[in-house]
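To keep things simple, chains are lettered A, B, C, D, E and F as they appear, and every chain counts its residues starting from 1.
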Amino acid sequence: MGSLGKTAIMYALSDGELEESIKADAEKNGYKMIKGKVGSMSTEKIFAAVETAAQREGLIRKDYYRDTHALYHAILDAFIGICRGQLGLGNMLRTVGLIFTVVRGPRNAGEHEDGEWLAVVLYGTIGAPIKGYEHETIGLGLNHL
Amino acid sequence: MGSLGKTAIMYALSDGELEESIKADAEKNGYKMIKGKVGSMSTEKIFAAVETAAQREGLIRKDYYRDTHALYHAILDAFIGICRGQLGLGNMLRTVGLIFTVVRGPRNAGEHEDGEWLAVVLYGTIGAPIKGYEHETIGLGLNHL
Amino acid sequence: MGSLGKTAIMYALSDGELEESIKADAEKNGYKMIKGKVGSMSTEKIFAAVETAAQREGLIRKDYYRDTHALYHAILDAFIGICRGQLGLGNMLRTVGLIFTVVRGPRNAGEHEDGEWLAVVLYGTIGAPIKGYEHETIGLGLNHL
Amino acid sequence: MGSLGKTAIMYALSDGELEESIKADAEKNGYKMIKGKVGSMSTEKIFAAVETAAQREGLIRKDYYRDTHALYHAILDAFIGICRGQLGLGNMLRTVGLIFTVVRGPRNAGEHEDGEWLAVVLYGTIGAPIKGYEHETIGLGLNHL
Amino acid sequence: MGSLGKTAIMYALSDGELEESIKADAEKNGYKMIKGKVGSMSTEKIFAAVETAAQREGLIRKDYYRDTHALYHAILDAFIGICRGQLGLGNMLRTVGLIFTVVRGPRNAGEHEDGEWLAVVLYGTIGAPIKGYEHETIGLGLNHL
Amino acid sequence: MGSLGKTAIMYALSDGELEESIKADAEKNGYKMIKGKVGSMSTEKIFAAVETAAQREGLIRKDYYRDTHALYHAILDAFIGICRGQLGLGNMLRTVGLIFTVVRGPRNAGEHEDGEWLAVVLYGTIGAPIKGYEHETIGLGLNHL
């Protein structure tokens, strides 16, 4: 058991002990993972927050464009799930408050012959720039590294 | 604790005892929920499977178009997350194997003043029509009922 | 008074005496116009119905690809308004019942220096393939001829 | 006679006595309606102008997110019709000058069993930021309230 | 030999003697053509650079909106090819360095009965705002004039 | 000199001696490349033709999903350039006649430290299903392998 996407989703949705246990189990299976927070009306800040964290924590190599390329498209795919149809935040008068996770490893725990993949999850709320005028949203992007 | 979208996601990703405990907790909080499976290369079969199940199990009223309208757009939003950018399955030479959940209730457990909402989650794999040539994907759609 | 798009919309939405008076006024201003009906779950049938009618009634020249090209993109733009975000009908489990109008003439009545333009209006209902489970929708496409 | 979408379109396209008579007829049928103007190269200003007017005039309740949610998606659907394919104004070097109407009531006059719906119409011109370098455009969004 | 789109692509991809020979051959066939460069994170600057050059060099008439309209949609179509799915540059944390060409003439050299068309090619690199973190991209838009 | 995308475009647009010389030069630089033809009103046939040819000629490994995944997204990106905005062929009453090339190698000839990439070019005509009622179109997709 233990797949890349599910691990990234569960890690994003959990906290406290459950979060720690998901992380510990996944790391035993060879997954590397990070978690962060970003809230913004600017699409580029969402991209930048995830990219910066993934590079800083060593999930992708900074010196190889191909790693950045793989991550960029995983973030974009996740962001499309967040926006559901029309890409945009502040320009469409809406804002997001998101938790993000990035997980690196095999598509399924233990299957190493297909190489390493990246999963990006964005999870949180999207809505009007008024407290409480928002609902939940999630996006998942996967890419081969 | 307990929000509509998270409940629908966790219910989709769990099985066995965890699934039952998520359902029992959610139902105590006034949520109604269903879970099903659909695999297809036809987009319309995904829509039909979720609509039919939600009507049959009484999550929406069959005789009111407004309920069907709310559900339709929640399914569409979830399906956009699955497709990430370009709507299509078999016509784009790809197929999906999905678990779906539909949950009905308040946006946040206990907050009844904003009325009832629907959450639709589609979770599973998308890929080539060859076993194992696929990766995970998720979509969440929320709408007011 | 009298602009190309408004003429096409008003002609699509009217019937009886009002329809006749809109047509008579517009024709005095040098506009050519047709009106038809098409209902389908197939996107290509909507395109074909409008193209065929416009060619048959002489609104565009059959022997010049440029005229067909201009009309095609006007239909597509109108159809995007009908679909609002994701192009598709039966493949998305929805159907349309539409009135269409095509109007040819100057962008504004009396202004001939900018040449001839085409307006396509699609107006009717979109919804589930169940009688009454539908709501109104409109699309307008304009192009230079 | 008298449907929600058609009422919103006719109200947007008319002025003077015709406008007043459309409004008077619609209000007799239980429709509430507003009309305004907005011109901008900023997408968010279009959204804000319609939202603010609809809240101020009492077409939606300010204190319920579900009403704001319904309105938001009706505006977005109308705006997609305006943009025909790619959402954007100034960022794509184009601008709009629009009349907007918002109408609240049953989908069809006299049919109250399906509850209240919202229609948003945006109608005007789209084009280059040069006077006269523009053509007409319309969008209609409907949503259940 | 000699078609409008191919001429615009070859002219964009060549330099030195080859570029001059492509231009000379095309001009003999009645094509008018320009070439320029633009790099930016702002979508509107790409549109503006191509529009300005085409007007200044006389490929389209400045005083007729229909020419501007034809060019605008050719640029937009080319730009969609550059962006592949989601329109945006800096707002999506990416930048482009592009060569553009605009060619005016018949769809195929020597076929004058179908009138004049415009081809716009954008060719260059798209990627992160870091030198070398980019890959090639091309877009072609054609429209009848 | 010699970049991946330009090689794939030039190879698609050339024939006879020029085609052979482009291929010979590119192969000296370590590029692998194939060229084929496909005409269809079915989107899936375009995808299938390119995938099958690339696997058969050994440009990607058949037994590794990651290679198929990389190729799929390169084809999809190229196909978006062909369709310019709305994915679809026969369902939108249009057809394509395309030459395709797939090239594998470094992003720039001689730069091996960033690994291998794939470029897919689709080039040909798109239009009505009537001979000659069509214009040129091109799409380029690049992905890391």
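The definition used in the following text is that contacts are C-beta pairs under 8 Å (C-beta built on N, C-alpha and C of every residue); 3 or more make two chains touch, one makes a residue touch a chain.
These numbers come from a predicted model, not from an experiment.
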Please identify each chain that touches chain C as well as chain D. A, B, E, F
Greatest Cα-centroid separation from chain B: which chain? E
So how far apart, in whole Å, are chain B and chain D when each is placed at the average of its C-alpha atoms? 30
Please tell me the distance, in whole Å, between the geometric centres of chain A and chain E computed from their C-alpha atoms. 36
The distance between the C-alpha centres of chain D and chain F, rounded to whole Å, is 44
In chain A, which residues are in touch with two or more of the other chains? 65, 69, 80, 85-88, 91, 107, 117, 135
Indicate which of the five shapes (line, ring, star, complete, other) describes how the chains touch one another. complete
Residue positions on chain D within touch of chain F in the complex are 85-86
Residue ranges of chain E touching chain D (in the complex, touch as defined): 42-44, 47-48, 51, 65, 68-69, 72, 76, 80, 87-88, 91
Please name which positions on chain D make contact with chain E in the complex. 86-88, 90-94, 127-128, 132-135
For the chain C and chain E complex, residues of the former touching the latter: 64-66, 69-70, 73, 107, 113-115, 117, 143-144
Which of the residues in chain D come into contact with chain C in the complex? 3-6, 9-10, 13, 77, 80-81, 84-85, 107, 117, 119, 135-142
